[in-house]
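To keep things simple, chains are lettered A, B, C, D, E and F as they appear, and every chain counts its residues starting from 1.
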Amino acid sequence: MPVVISNIERPHKAVLAGFDAALGVATVHEAQGRKGLLASYLRPIYRPIHIAGPAITCEVAPGDNWMIHVAVEQCQSGDVLVVALTSECEGGYFGDLLATSLVARGVKGLVIDAGVRDVATLTEMGFPVWSKTIFAQGTVKETLGNVNMPIVCAGAEIHPGDLIVADDDGVVVVSSADAESVLASCQARETNEEEKRKQLAGGELSLDIYDMRDRLKAKGLKYVDSLDPD
Amino acid sequence: MPVVISNIERPHKAVLAGFDAALGVATVHEAQGRKGLLASYLRPIYRPIHIAGPAITCEVAPGDNWMIHVAVEQCQSGDVLVVALTSECEGGYFGDLLATSLVARGVKGLVIDAGVRDVATLTEMGFPVWSKTIFAQGTVKETLGNVNMPIVCAGAEIHPGDLIVADDDGVVVVSSADAESVLASCQARETNEEEKRKQLAGGELSLDIYDMRDRLKAKGLKYVDSLDPD
Amino acid sequence: MPVVISNIERPHKAVLAGFDAALGVATVHEAQGRKGLLASYLRPIYRPIHIAGPAITCEVAPGDNWMIHVAVEQCQSGDVLVVALTSECEGGYFGDLLATSLVARGVKGLVIDAGVRDVATLTEMGFPVWSKTIFAQGTVKETLGNVNMPIVCAGAEIHPGDLIVADDDGVVVVSSADAESVLASCQARETNEEEKRKQLAGGELSLDIYDMRDRLKAKGLKYVDSLDPD
Amino acid sequence: MPVVISNIERPHKAVLAGFDAALGVATVHEAQGRKGLLASYLRPIYRPIHIAGPAITCEVAPGDNWMIHVAVEQCQSGDVLVVALTSECEGGYFGDLLATSLVARGVKGLVIDAGVRDVATLTEMGFPVWSKTIFAQGTVKETLGNVNMPIVCAGAEIHPGDLIVADDDGVVVVSSADAESVLASCQARETNEEEKRKQLAGGELSLDIYDMRDRLKAKGLKYVDSLDPD
Amino acid sequence: MPVVISNIERPHKAVLAGFDAALGVATVHEAQGRKGLLASYLRPIYRPIHIAGPAITCEVAPGDNWMIHVAVEQCQSGDVLVVALTSECEGGYFGDLLATSLVARGVKGLVIDAGVRDVATLTEMGFPVWSKTIFAQGTVKETLGNVNMPIVCAGAEIHPGDLIVADDDGVVVVSSADAESVLASCQARETNEEEKRKQLAGGELSLDIYDMRDRLKAKGLKYVDSLDPD
Amino acid sequence: MPVVISNIERPHKAVLAGFDAALGVATVHEAQGRKGLLASYLRPIYRPIHIAGPAITCEVAPGDNWMIHVAVEQCQSGDVLVVALTSECEGGYFGDLLATSLVARGVKGLVIDAGVRDVATLTEMGFPVWSKTIFAQGTVKETLGNVNMPIVCAGAEIHPGDLIVADDDGVVVVSSADAESVLASCQARETNEEEKRKQLAGGELSLDIYDMRDRLKAKGLKYVDSLDPD
């Protein structure tokens, strides 16, 4: 039977604040060992944008957005609503009315493995959505589904309370258990990259910074002046 | 034999004005019973944008834009040109010269089930196009086709003079016979949504506004505190 | 064995300057006989944008961006880096660190038949990329490939030193041997189009400007007032 | 309101018999002026196969096959059931039980702009289906739709009673009004092709049979022995 | 760190035997509440085919099939090997040599969210593969990944030892905990369908067998003789 | 100007015979250093099938098959006709009449980066085609193109006279200059694989045959009995 779990665990405020401060999706994905990315077909409806927050998970039937209405009530300030479909279907499951309700609750954004509509209004409101398509097709309210149970969304497994980070590059999930350590890795990575960025901006080559020349040579890379030397 | 119909019926000015005043594609589609949407792969070349106007219909052969030149002459101020292909083909059937000609005639925009080019210039000119792709591939002028005959464009049947509404969400067609009554439904819907929007912005839940709780319970939805209660 | 060619021929400065001055992809493609377009799935990460410059070509293995690091060193000011895959693979082969390095060398942009990441930063930096997708997926550095050998990228054959022109409409390649004559054709075409644009803006029809009416009639096009005349 | 039309007009038996006798989809499409093809993504679940018969049309909601059950009752011996979706959705709307019922009524096959399941059993039964995908995903029975009203299926407009011809190449629709004259054109075309086939099999070239050499020369085609003659 | 789990729990032999006896993917999917289907793009390389067995799970890097070699050793007679990618990539990760090894171990088949090659030989050998594509592109052996850890494959979560059922309709996973009860539901469903099949074959309508007429009427379905009655 | 080259160089008969004797596409691709594959969307219209022969190259305009008629005359016994499009377009550019003509000339098959029709007849005739789609859409005869000039087909560069090998796995091209040495590599590879196949069939593991265990350990792969040992 479909079930709504009302009480989920979220990462600590300090951890959330750390991710909120502009840690990008690419960085988070690298820092946790290159996993957790949702499929690249999920695109933000406007750019630039960056959000981070715990996932409220929701499952909907094809052409039916009823459970999104149910999920809204489970959302708290700072959350990110994540919607998966039980069967792939185009359609605009979400529009400006639902967004108004989520904004009233302080929700940061929506990730949905389907279509969204009213995108001009959503953009004006500053409510970000990562979706598979933009489509005005309406939905019905007939079929139950789970809220706050584990889902697979755009190829990634997401548990309620997992940390979602989303920006112009897409969406990544960090399991709540790993959130703190991944944050630390992200920050170390950022510091390291800042240093590299300065060197590269100054004209140094990554071939030298990362000491790649010997390995390239060992693997057999040959440099020649031109194909037809005279 | 290919034919050009020069005299088509358009919806009344008052009706056109009604749709022109910002009635969105999602609203129109809902108000006419969830039909008339063109496929979601038709996307506007810039956003935000909203237009409404009667359709001039045009059929072109693959890789051949000759009939668009013929269709231009049939366009009047306020019209929307809608182009279908007799066989799916990538290509940039339309660019800034044709747009210049349409702008000179007061045409509001183009809907084309194919590619468009010169999109930087079109954006600068403020001439909106909803297309399947952006592609510079040129076309020839060899094959005839119909102008102002019924077409199927991006999966929707469109008759000349039908009302086209297009915005950031996509494109919808309203048959000219239904335009007046659909306008009334749209306006009623907008009024109703305005009310709902205020309630939702104030923190009320759609579960309560639409009285969904009993029906959810009757269908068997269960609320539990957590999966592993202690 | 994989090879890096360090010394390639580039088109003359004057020719490059000619293309740099806003000759669009559609114009170039038409002027060289409707060839040389890369596939339409290559899209710029921001718009509007226009670049032109000689190609540095680079081949990478699936999920491996090592050779891009090698290719950076071969890039000179004004060049465009063009990356092909030996096997189709999603992934973010390129991000803000590599872009910082290319900017330091005066490179104008990147064309890549794969994914790119850090697009918010790249947009802020004003470093344009034409890519197949935007995806944060990381890559490894294990496999060699050629730099500055001929490649097929997005369906088009590209030799090192060929001229790349890229804008909102996509990407086109001009062989270095043809660059000068294509430039002349482009300029002639632009002049001619400017004239046409004025006529069209003044309300003349392309049917008349291009003398199409007789040919349409000869092919059998019929004009009728309406389908159901009374 | 959704409606079921019980009494539709079908083409004459003699006309149906003519199409039934192996007139292929390509021939029919050519004979009626290269129109009427459904999109190429509709593929038969087994090959070789050829059917022809009048269309019973049916509209279903996403993830909902209820109206197929309603449409079955409207099918007579020799008919072809054609199912369109009001919104694109993957799913297996049709399986062996519905096929058993259609076979009991003498229906020749199914054309569906969606998924089908139980294809091993359908193949064994010899009941052909042209579908967009093969997928086991189940559907519900909640939403009404029209039966025997005009539909757009896979990009083609189909009226109830129109003639459907389907084979290994795909599906084509012939309006019932045109069926008789199209049959005559098909037969003429077949006779003509039979003659050509003999000539070609005997080694004559189409360049000569269709007298193309002068036109090719006039358009400027050049024959050269080799690119680098010595 | 990547890990190989050597000791996994498999469903009981009797349960496996039950599924092996021709329970189709559609039936299993329905019997477990319409869940567990892998994406419809996974297609068998030959038809008809039906297998059932416990999953050995394996993760591979893009363009790298090393871990399949590692996974082979973990396979026992009756198992099904299931391979997911850490990043989407075309390529032929599996061919006749690996198949020979799996056949020697009694493995029933392969499910892979990528490409396969040597399909003529695999077909001859009678070793079934459900794959995303058929492609000869070779892979390397450089990157580690997990074997027998939970994976997401073609959109479905799969744990080692879960039951995989695959046939012409696609692939479904049943969690090992549910396997026994799902088997019972499948058998009940089969018995019930057998009865229905006889009724339908005898000409009874599903409208009557399932008592749908009243509900259709209540929802408002109207029957009319024809659109233009005289 | 479009040109037809009548005199091309083909690989030696002995080399062709070597490839003809069942060397598969995967083997050839590996033996020549993992290059030369055409895109995986090219699929044979029937299976199993294997051909090898020199390429006659041909370019056609969108929706226009005129140059195929021209190319037929350039084909000799044993050749493979390879057709590229100047712009992507769906359509059935080739059917049973052209096939009859090619069969009369001893041509082995067709590779076309577009659609094909009459596939039931082609299958009956035993004339293999590798195409992007099967579609009945007709074409015109209006536009010239090159025959026997280098083309890019499905992402691969092909010169006239290059060796084409095609089977159930797809299509690969070998440059005529490399054909002899690639043949030798293929044969060595086949011999080596035959040996491996026997070992694997006998139950030996590739982990041992290829000595992978130490390298896996060195990279850090860990074997554990189970995730939750008691």
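Annotations
By our rule, contacts are C-beta pairs under 8 Å (C-beta built on N, C-alpha and C of every residue); 3 or more make two chains touch, one makes a residue touch a chain.
Being a predicted model, the structure only gives us computed values, none of them experimental.
Set against one another, C-E and E-F show the most C-beta pairs in contact at E-F. Think of it this way: of C-F, D-F or B-C, only one pair shares over half of the A-E contact pairs by residue number, and it is C-F. For the pair chain B and chain E, the distance between mean C-alpha positions equals 40 Å. Note: centroid distance chain B to chain D, computed from Cα atoms, is 29 Å. Of all residues in chain C, those touching 2 or more other chains are 34, 37, 40, 87-88, 90, 137, listed in ascending order. Chain pairs recorded as touching, per the definition above, are A-B, A-C, A-D, A-E, B-C, B-D, B-F, C-E, C-F, D-E, D-F, E-F. By the touch criterion given at the top, residues 1-8, 66, 69-70, 72-73, 90, 92, 95-98, 100-101, 103-105, 115, 117-121, 123-124, 133-138, 141, 144, 149 of chain A touch chain B in their complex.
Residues 24-26, 29-30, 34, 37, 40, 43, 47-48, 50, 167-170, 172, 193, 196-197, 200-203, 205-207, 210, 212, 216, 219-227 of chain B are the ones touching chain A in the complex. By the touch rule above, chain A contacts chain D in their complex via residues 61-64, 87-91, 137, 140, 142-143. Residue ranges of chain F in contact with chain C, taken from their complex: 34-35, 37, 39-40, 86-88, 150, 152, 155-157.
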